[in-house]
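You will see chain A twice below: alongside chain B first, and alongside chain C after that.
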Partner chain A sequence: MKNLTQISEECRKQAFDLNYFGAKKWKSAQKGRVLVGYLPIYFPREIVEAMNGIAVGILGVGDQKQVIKGDAFYQSYICHLPRGVIELALDNNFNDFDGFIFPSICDCVRNLSGMFRITKTGKFSKYLDFPQNFNPLTGGVFYRQELGSVQQEICRINGVLPSVKILNEKIEKYNQNRRFIENIYAIRQEFPWRLSAVDWYCIQRAGLMMTVEEHNAILSDVQTLLEENQGEPLDNIRVVVSGSFCEQPPLGLIKSIEMAGCYIVDDDFILGSRWIQGDIDSKSNDPMNAIVNAYLTQSTFSSALYDVGNPKGARLVELVKNRKADGVIFCAASFCDPALLDRPEMQKSCDEAGIHHINFQFHENTGQFKVIKEQCGTFSDSIKLWA
Partner chain B sequence: MNTLLTLGIDVGSNFIKAVLMECGTTKSVILDKHTEKIRKRNPAQLADEMTTHLLEKHNFQYDDLAYLASTGEGDLVIRKRGHFYGMTTHSRGAVYFDSTAKTVVDLGALYVRAIRVNPQAKVLDYKMTGQCASGSGQFLENISRYLGLSIDEVGDISLRSTKPEVSSGICAVLAETDVINMVSRGITTPDIIKGIHLSIANRIIKLLSALKAESPVFLTGGMALNKGLIQAIQESLQETKKNFIIKTNPDAIYAGAIGAALWGAYRYHKLKQGKVMAKVVA
Partner chain C sequence: MSNKKPEVQKEKSMLLQKEMIAGLFKDLSTAKEKGKKVVYTFVPGNITELILSFDMLPVYPEINALQSGMRKKSWEYIKEAEKIGYSEDVCTYVKCDIGMMLKGNIGPTDEKIPDPDLLLLSYTGCFTFMKWFENLERLYPGVPVAMLHTPYQEDGKITPGMVDYMVKQLKEDVIPKMEKVSGKKYDEARLSYMLEKSALSEDLLVKVLESAKLKPSPIDAYFAGVYYIGPIFTAFRGTTQAVDYYSELYKEIQERISLKQGPITPEGELKEEKYRLVVEGPPNWTNFREFWKIFYDMGAVIVASSYTKVGGVYDMGFRHDPKNPLESLSRYCMGCYTNMNIPQRVELLCHYIKEYSADGFLINSIKSCNSFSAGQLLMMREIEQRMGVSVGFIESDLVDPRYFSYANIKNRLESYFQMLEQRKLILQ
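Take a look at the complex of A and B:
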């Protein structure tokens, strides 16, 4: 078994591969395989895998690629993620991709789906509208139709028809995947020094570039390694990072938070992999219905989700308490309307619960972290010394 | 045993400062202190060697330390128990030297920071110089090198000035150009140095005004021992009719490391208390 450093290094390479070599190699190994790219936050990837494909997570270009053409597509007040994604499309990084899914999260991503159509990137571009009505007879039926149209698109490409048995198998694999991820979060909650937040982020993000079976094998090794006692704890505070669910923070930012004396015990960086809380029924005669029901009843909280019955502020407070965190760092991408509009309400919930918090914004290509380190350092000190 | 052995390490951009302290409930004393200029050495390795050196010198083992605290570039301190931010440690160090201090000015290599503190050394507010390094120790060191002086002698040389020539206080590049022009115009070295000191002093006074600082003001960091700079600050204060008492200490360069060591002792007690509380609750 490889050690944690080796695993995280390999995952880092895969996670940030803007040419998607791993996924393309997988596709080229067998005829009839499909690659479907999807944007944040969530898409039930098991549907694509059950039809001989991989749903590849597209999380922008970070600080790896200079965006030139992409800037011409978006106004200055739009976040950085879609600019980088259209730049990748125009530079042919998505060659070999068969289709793209744009989950309804904000206007920018919706517009991006139109741009992919105009630029004829991939064989299909699907703007996936998620239900905001959680009644199974309305929102449920609608959502099922939306997912069905994705299945039809894939079937048109490779002729594979959805099978109950295979979809149930894939649902079970993704159940395992979520269990591994939650177990590792639980271990990191108790022993955050055993695996840095940066390494853990890379390991999770790499999962969006490969089959669930491959990722489960990696997660299984990571869990085993983390169960061994190792390293010494630092006198750091424990924080939950909230607001980075779409455009991803640069690794330097995550590292800066940790270096400033904060253990990140929970976050929403790769939220899509943890969207469904708990298992989805994998023994159903109607697995599509199980996936739909899971979305309606087991979704986590997020700015992209209508939540009047179960407000996200209260759920964030609950998460902080469960993780025994000392505070919350609200860390949203600049111009990310969903995160920034939700922030005041979530801050209010934190204030009412006596939870300390700070906030700042980032771009995926932010290169200077001095001010952020300063903010996190003083936040950490204020909690350690005066809370 | 009522005292705790703690070690504070302040990793700056030019120097690493380490202080070994015996911290009691009523009084804490410095057992030893050590400074090393980083030069081209590996700072992480150097910081570790300094830790070992101080401990061995006093026949202590690493395990005898209740808390090894870092400040500054703390990720370079391998065996640390915890890290404290520079502003927090300099405030604590200043209050250790002078319990009446109400404002602390950290005169660092890359920036100057004015901090308002309460008697417990809690940071109440702060202001710091912006992007440009023209008000910093590194800038002063560069200029002294151009003029063929060692950084230790610039203070005394500045005191010999009769007609200081003030340089740009906004931009280090412009200030360096100013100095080249001054040299070519035959301005004497003491007048050039004094002019730079006055320029830095003016930036400090602007920070103090913006902060609505209260007296006494305690200077910490590498430049706090520079007699020429202190004289320039006093003169600028008189000129601007500001009535601040300026204080410092021969060990002011260690303020960050001392603050880290003291906060380390505080955290040790707090964590121990927390564990006891957790047991009681369980």
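Take a look at the complex of A and C:
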């Protein structure tokens, strides 16, 4: 078995491969395979994998690529993620991709789906309108139609019809995937020094670039390795990072938070992989229905979901308590309406629960972390002194 | 020389509209004593007829925000919202509304706007609406929220499944909540009767907007257009008052056509139509008159605009249908401009450029509004390529005065008009 450093290093390479070589290689290994890209946050990837495809996560270009053409497509007051994505499209990084899924999260992602249609990127572009009505007979029926149209697009390309057996198998693989991820979060909650937040981030993110089976194998090794004692605890506080569910903070930023004395014990960086809480029924005669029901009843809290009746603020407070965290770092991409419009109410919930918090904004290509590090350092010190 | 601005010229329809709005705010200010229920909702995809059919009064937070912008109050409200943690980066309509609420919710007629009895989140064409009402729900604890999720026309069409989804939401969630809040039963016959009136007003509005195909255009379909759409996009669609207003407006426009007159602007009639433009994007409200005057000074008329379609693209044939009331309301919500996908928006704008014989296409890109702004630069290129017209791009904001730079916009527009002039000469 490789050691943690080797695994993290390999995952880092895969996670940030803007040419998607791994996924393209997988596709080219067999005729009839389909390659689909999806944007944040959540998409039930199992339905693509069950149809001889792979759905890879497109999370922008971060600080890995200089955006030139993309800037000519977006005004300065629009977040960074879509400009990097359009740059990738224009630079042919998406050659070999068959189609793209744009989950409903904000109007930037929504309109990007139309831009892909105009630029004729891929064979299909599907804006996936997740229902904001959670009644199975209303929102559920609608969501099923939405997913059905994705299946039709894939079937049009490779002629594969969805099979109950294979879909159930894939659902089970994703159940395992989520279990591994949750187990590792649980280990890190107790022993955060065993695996740095940056390494853990890369390992999770790499999962968006490969099949679930490959990722499960990696996670299984990571879990085993983490069960052994290693590293030395530091006198750090424990924080939950909230608001980076779409445009991703650069690695340097995540590192700066830790170096400033904060163990990140939970976050929403790769939220899509953890969207469904718990298992999805993998023995059903109607697995699509199981996927639909899981979305309706087991979704985590998110800025992309209508939350009246079950407010995000209260759910964040619960998460902080469960993780025994000392505070929250609200860390949202600049110009990200969904995250930034949720922030005041979530901060208020933290205040009411006596939870300390700080906030800042970033761009995926932010290169200077000095101020953020200082801010986090002060936050950590103040908690250590006064809490 | 006096710096006094010339008196704004007012026609009968404008006075009529003013009376209607004053009446609405009066009703709102006495709503609580009279036991009238108040529903907060949004302009795009509003289901006003349904609200009115329960004898409830609608309030549109975006209208409050734009009026605050016009009354130069928005900055004070935005600051208030930023003080409690709203980022500088987010939609300023939301901040303006929340700030106004924190400052006592005093409306444009200096009367208090009552608190809502129901928050009707008709979530059409803009994701921020959802965030906005989640925030309001917490600021008005205990007020019920009815969610009406409007599916986006991602594939450029409205499918039966989408209609079904909306009708079910209306039947299972929205109408029962309205019945509970208002204490009245849903009355489909009454709703149908109102939809008949809606269709009448819609016919007249389309005639008004299409008059801009004439040369010279008797109307400005953007700056004046925002007044023309007022009653139909807000509290009056489905009422006799709205039909009367549009009849009067149409009569005035016919008169102008017979006299070959140009549009009436706050500076007076536009005597010479030099340029005909199609405009994409909302206007700026904080400096509305100055903004309009730049166009007036250049002899530019906006012959068609996308902003006047946010509450319905009636000129492409949609009419509320009294025979299928709930289905028709659903189709209406899904058909609004910002609920159309980007290729559809491009198609519509190209259609306008052609049908209205426009010389140019201009985008006023709004910092606040991702729903409009994300993708506009690609739309502009696509339209330039397809139509071969001169395109222009300016940036401002709806109600945040920090983002309206008069000098910058004027400079850009002057260069744009020079380009249009040269092009005209070449074409001649």
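Everything below uses one rule, namely that the second predicted complex is superposed on the first by the 387 of 387 C-alpha atoms of A that agree within 3 Å, B and C clash if a C-alpha of one lies under 4 Å from a C-alpha of the other, contacts with A are read in each partner's own complex, and residues count from 1 in each chain.
Everything that follows uses one rule, which is that a residue touches a chain if its C-beta (ideal position, glycine included) is under 8 Å from a C-beta of that chain, and two chains touch if they have at least 3 such contacts.
What you see is a predicted model; the values in this text were computed from it and never measured.
Colleague: Taking chain A as the common reference, can chain B and chain C both be placed on it without clashing, or not? Answer clash or fit.
Modeller: fit
Colleague: What is the contact status of A:Asp235 with respect to chain B (first) and chain C (second): first, second, both, or neither?
Modeller: Once the two structures are laid over each other on A, A:Asp235 reaches chain B alone.
Colleague: To make sure I follow: the centres are taken over C-alpha atoms, the vertex is chain A, the ends are chain B and chain C. What is that angle to the nearest 10 degrees?
Modeller: 100
Colleague: For the three-chain arrangement built by superposition, which of chain B and chain C touches the greater number of chain A residues?
Modeller: After superposing on chain A, more of chain A is contacted by C.
Colleague: Examine A:Gln298 and indicate which partner it touches, taking first as chain B and second as chain C; both and neither are also allowed.
Modeller: Neither chain B nor chain C is touched by A:Gln298.
Colleague: In the superposed arrangement, which partner chain does A:Gly261 touch: chain B (first), chain C (second), both, or neither?
Modeller: Touch partner of A:Gly261: chain B, not chain C.
Colleague: Check whether A:Asn3 is in contact with chain B, with chain C, with both or with neither, and answer first, second, both or neither.
Modeller: So A:Asn3 meets neither chain B nor chain C here.
Colleague: Quick check for you: in the superposed arrangement, does A:Gly377 touch first (chain B), second (chain C), both or neither?
Modeller: So A:Gly377 only meets chain B here.
Colleague: Please indicate which partner A:Leu385 is in contact with in the superposed arrangement: first for chain B, second for chain C, both, or neither.
Modeller: first
Colleague: Considering only the touch criterion stated at the top, classify A:Asn310 as touching first (chain B), second (chain C), both, or neither.
Modeller: neither
Colleague: Shortest C-alpha to C-alpha distance from chain B to chain C once the two structures are superposed, in angstrom?
Modeller: In the combined three-chain model, chain B comes within 20 Å of chain C at the C-alpha level.
Colleague: Residue overlap on chain A between the chain B contact set and the chain C contact set?
Modeller: Shared contact residues on chain A: none.
Colleague: For the complex, give me every residue of chain B touching chain A.
Modeller: 67, 74-75, 80-88, 122-123, 263, 266-267, 270-271
Colleague: Quick one: which bits of chain C touch chain A in the complex? Just the residue numbers, please.
Modeller: So the residues of chain C touching chain A come out as 84-87, 89-91, 94, 121, 123, 126-128, 130-135, 137-138, 145, 147, 149, 151-152, 154, 159, 161-162, 164-165, 168-169, 172-173, 341-343, 345-346, 365, 367, 370-371, 373-378, 382, 395.
Colleague: Which chain A residues qualify as touching chain B in the complex?
Modeller: Touching chain B: residues 234-236, 259-261, 374, 377-378, 380-381, 384-386 of chain A.
Colleague: Give every residue of chain A touching chain C within the complex, in rising order.
Modeller: Listed in rising order, the residues are 72-75, 77-78, 82, 104-108, 110-115, 117-119, 126-127, 129, 131-133, 135, 137-139, 141-142, 145, 303, 306-308, 311, 332, 334-338, 340-345, 347-348, 361.
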